[in-house]
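Have a look at these structures, which come just after this line.
Next come two complexes built around subunit A: one with subunit B, the other with subunit C.
Moving on to the complex of A and B:
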């Protein structure tokens, strides 16, 4: 047998391009469905893990998938806002606490997430450099953002609104970077975090300006009496919060009416979660309370239904590829008829010829199997990073 | 001999284990940060040894206008429970990033009953823009019934943090509430002696006191260590011409010159301390008790009222420990 394998190996090496083509074909046909399956499985695991760590989410009525994608994965469209009163209502039940999420501003292409420092504790995010934000005008960067923009504590970044058409609303606000998070392999790596009040200032709800009760310029004031000063549009609002002007920043109106994109709701236990969900089920409230895991689960089901169709397509293509290979081999044997007759004429028996051809097939199949195992081993080792790279970066 | 040494070794291990366990138990206190002294006092009374109460504002500042540095804000962030007074007290809270789940607004239960405070001009942007209001009166604890509500809120917060200690917390809270109820009765009796005579206040910080005891209180915006100026005295004279008044409440003893000018106008000085910050001597209830005594003596009644567990009687001459001038507030606000 060894002499057959030796001759087969010499033959394949002589026609190496043809051999490599066949091996590549076999590797693709075998590795593609397995690899795709593995990547989808890892994607499901990572997406579901992120959703599973968010027990409940409250947000505006409408697409629950959009709500989850924006509030949990910081992607997609910014949903319609809910008011702070919604989470105050939830907190008053003593069944859960809420972590507000405000999105809609960006900096350097990264979403700016307004929240409270409870968020870092809840997501178990630790700092690689610096500290957490403590006062208005400070920001903490995800590891990916810091790396991409080349920023570290002591630097600054400027916000920009989601819509360039919002000319009468948000002004760019310069914030100080005070901390950088450790890499977490989650969408938190790609976000900029600020205090919720800083996010409101970015949105234009809060602002700072000179003390209108002391201005001398008459063009800054439309009307004045003992109790009230009506300012004109000429009043310039500060675009950076500093030590000297921080005291001037203020908000107008009732804070309970201020907007949030959503809020993570952390119930005390499963019973509390069920009770809370029950309060929202009849649809009479202005918001919806959902389980992100269920929403992502439905998404995954849809994806896997599509995957089933893709699997079928891959199977059909694979079968066609195998049939094509069989045809190629049979045509190859036809083309090698002269060579095979020569073997017979120099004394090789029919059995020897069959052994030679079989050895070629075994070597090709064996080489393909080794390559497939190598590809799958590499995929298994780097699958997590590949999926994170596809979805996170 | 071997048996004895084995027994000694076992005994040593048991002693060591007990020491470790007891020290672990004593270390597991709930760390509570507050924004003013009354809340710190209530938390200490209610929490007892199960809490470690921190109120880091310096003694010479008014906590309502104090701005802590980043290190202190970080300490607040790391607390187990953060007690807020509510009613806009401690402006720094609106500028700092504090963990929402640890915040306890102790006056939330009666926020519908807040009163307007110092009249300052609000502003709005454009004729139709939303506007800011003047301040809300934030010395909520001056009404003992409101102080009781705040104490109960603290009890609930501490019990949620340590359910096993709930019965003991309830007992201590009941004791504090009993003291505050007694204070309420004593203050009602003391103020009743003033009849319907209007009172003056040097600063609009006694709104809740006035409402609780039905006082006709007219407030100015004077500081104990600053002459009010000609305009201030003229405003007082106009008021006195319409309404004779015998007494003016002050958060701290005013300058001698102010006292003399008031005396010349027939207005006596009543130093009613609000105890927003830690007193130089005594504690919250002893200072409030001293306020009661001061009111009683002001109207010439010598009959002592009941004592409320005071440890030392506050000194009326120790007037600079409470109530801070505008200059002091400005100093406190500097970084």
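Moving on to the complex of A and C:
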């Protein structure tokens, strides 16, 4: 039998292009459905796990899926804002507490999430280095962002608005990195966290500049009276919050009207959740309260429906590939007819032919199996990252 | 049934053919049916005979019948006291590979193997022969005698026709067969190599006192054989 394998190996090596093609076909036919299944399984696990730890979400009316993707997975489009008053309204019910989420700015390709330190506690995120943000202009990095950008506490990070056409007053803001989170295997690894007020400054809602009551240059002021000072465009806004200029940062208008992308709502219990949901059923409200798990459940149902079609396509392609392989083998058998005939004339037994062809098949399927295992091993190793890349970024 | 060397002695094998009849039925290509009748042929152990005759007269068919590749409709083929024509297919194959050496007109080399692996090929396609260090050593020695020592790892597709012919001869001689049957074994060789290869074949056969049955068109070589059989006389034409 060993000689059969030796001869089969020589044959496969001599016709190496054909052998590699056959192996590639077999690998594709075997690895594709298994790989797709694995990716889908991991997608479901990641999406469901994250959604399951987010009991309720309040956000603007519209696509609930966009809202969940943005507020829970930090991906997709930023939804229309809700006001801070929405949180106050929920907390006044005494049925739940809410954690604000503000998104819309980016740094180095990572979303900047404005929130409170309650967020870290709720998501059970611990710090690998440094401390949490405490004052304006400080940021905490997810483990993935810190690793990708090579940043650690003491370094700084510059924000950029979601749209480059946002010229209304959103200037890049330089923040100090004060902490890096432990890896969590969730979208939190890929985000930058700042205090809510810092996020608003990044959006241009708050700002800091020279004290106009004390400036000497008259061209900096257009109008001045006892109650107010109107600055000219010549006044330079600070693009970095430092010890010396921190006090100059301020906000205009009613704080309760300031925008949020969404808020995580943590009800006291299931009854409280049901009562809250009931209050939001009223269509007159501007906001919607949703259960992320239900939204992701619907998404997964859709994905599984698509997967059924994909499975059918893979089965058809697989069948076609197998038929092509049968054709290749039968042509190969024809090409080897003379060799097999000569073996017979020399005196080889009938079993020799069977053994030779079987050894060839075993080697090809063995090599394919090894490659499939390699592909699946690689997929297993990077599956989590691939899925995060597919659904989160 | 054990056909391995030793059971029948190694003094070469005699061949007796009596009342042999064989037919090729006409096939779908429209080729005319072919029939062969050989009343009698006797080859003594250790004898070297050349079979001559025009192309298409049945010489190669006769070799097929002597080796058991073809089975006669009637008559007997006895090789070394064993009636080949009465054996089962598996027994005929085993007899052939252990007791006979064959050089085909087409050479029948395995294109995906190199020179050495082609010479060793018989040992890899049967359990009846054992490939050990001694066999490998003999293969090297034989290749050297055939002028192929520096081409052992070369694919046979990269050889000249003469070199390919020498590889086929090496494969046939490696098991030290009791009978060597060749079909135009020196057909593509230049005169110098032709003599050299024939010397080598005769020397190898001499060593084992083996029998040689050579189908040839090369009349220059005939004086070197013990006997020349004209196929037309054999079949009574």
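Heads up, the rule we're going with is that the second predicted complex is superposed on the first by the 296 of 393 C-alpha atoms of A that agree within 3 Å, B and C clash if a C-alpha of one lies under 4 Å from a C-alpha of the other, contacts with A are read in each partner's own complex, and residues count from 1 in each chain.
The rule is short, and it goes like this: a contact is a pair of C-beta atoms (placed from the backbone, for glycine too) under 8 Å apart; a residue touches a chain by one contact, two chains touch by 3 or more.
This is a predicted model, so every value here is computed, not measured.
Chemist: Report the partner of subunit A that touches more of its residues: subunit B or subunit C.
Modeler: Of the two chains, more subunit A residues are contacted by B.
Chemist: With the two structures laid over each other on chain A, which partner does A:246 touch: subunit B (first), subunit C (second), both, or neither?
Modeler: first
Chemist: Does subunit B (first) or subunit C (second) touch A:15, or do both, or does neither?
Modeler: second
Chemist: Taking the superposition on A as described, I'd like to know which of subunit B and subunit C A:349 touches: first, second, both or neither.
Modeler: The answer is second: A:349 touches subunit C but not subunit B.
Chemist: Once the shared chain is lined up, is A:339 touching subunit B (first), subunit C (second), both, or neither of them?
Modeler: In the superposition, A:339 touches subunit C alone.
Chemist: Can A:195 be said to touch subunit B (first), subunit C (second), both, or neither?
Modeler: In the superposition, A:195 touches subunit B alone.
Chemist: Thinking of the overlay built on chain A, is A:382 touched by subunit B (first), by subunit C (second), by both, or by neither?
Modeler: Neither partner.
Chemist: What part of subunit A is shared between its subunit B contacts and its subunit C contacts?
Modeler: Dual-contact residues (subunit A): none.
Chemist: So in the complex, the part of subunit A that touches subunit B is made up of which residues?
Modeler: 94, 97-100, 116-118, 121, 131-136, 138, 195, 197, 212-213, 222-233, 235, 243, 246-247, 249-250, 252-253
Chemist: Using the touch rule from the top, collect the residues of subunit B that touch subunit A in their complex.
Modeler: 70, 73-74, 77, 91, 94-101, 119-127, 129-132, 134, 160, 333, 335
Chemist: In their complex, what parts of subunit C are in touch with subunit A?
Modeler: Spelled out, the residues of subunit C in touch with subunit A are 64, 67, 69, 89-90, 93-98, 100, 102, 104, 106, 108, 110-113, 117, 121-128, 131, 155.
Chemist: Any idea which subunit A residues touch subunit C in the complex?
Modeler: Touch list, subunit A to subunit C: 3-4, 6-7, 10-11, 13-15, 338-339, 341-350, 352, 356.
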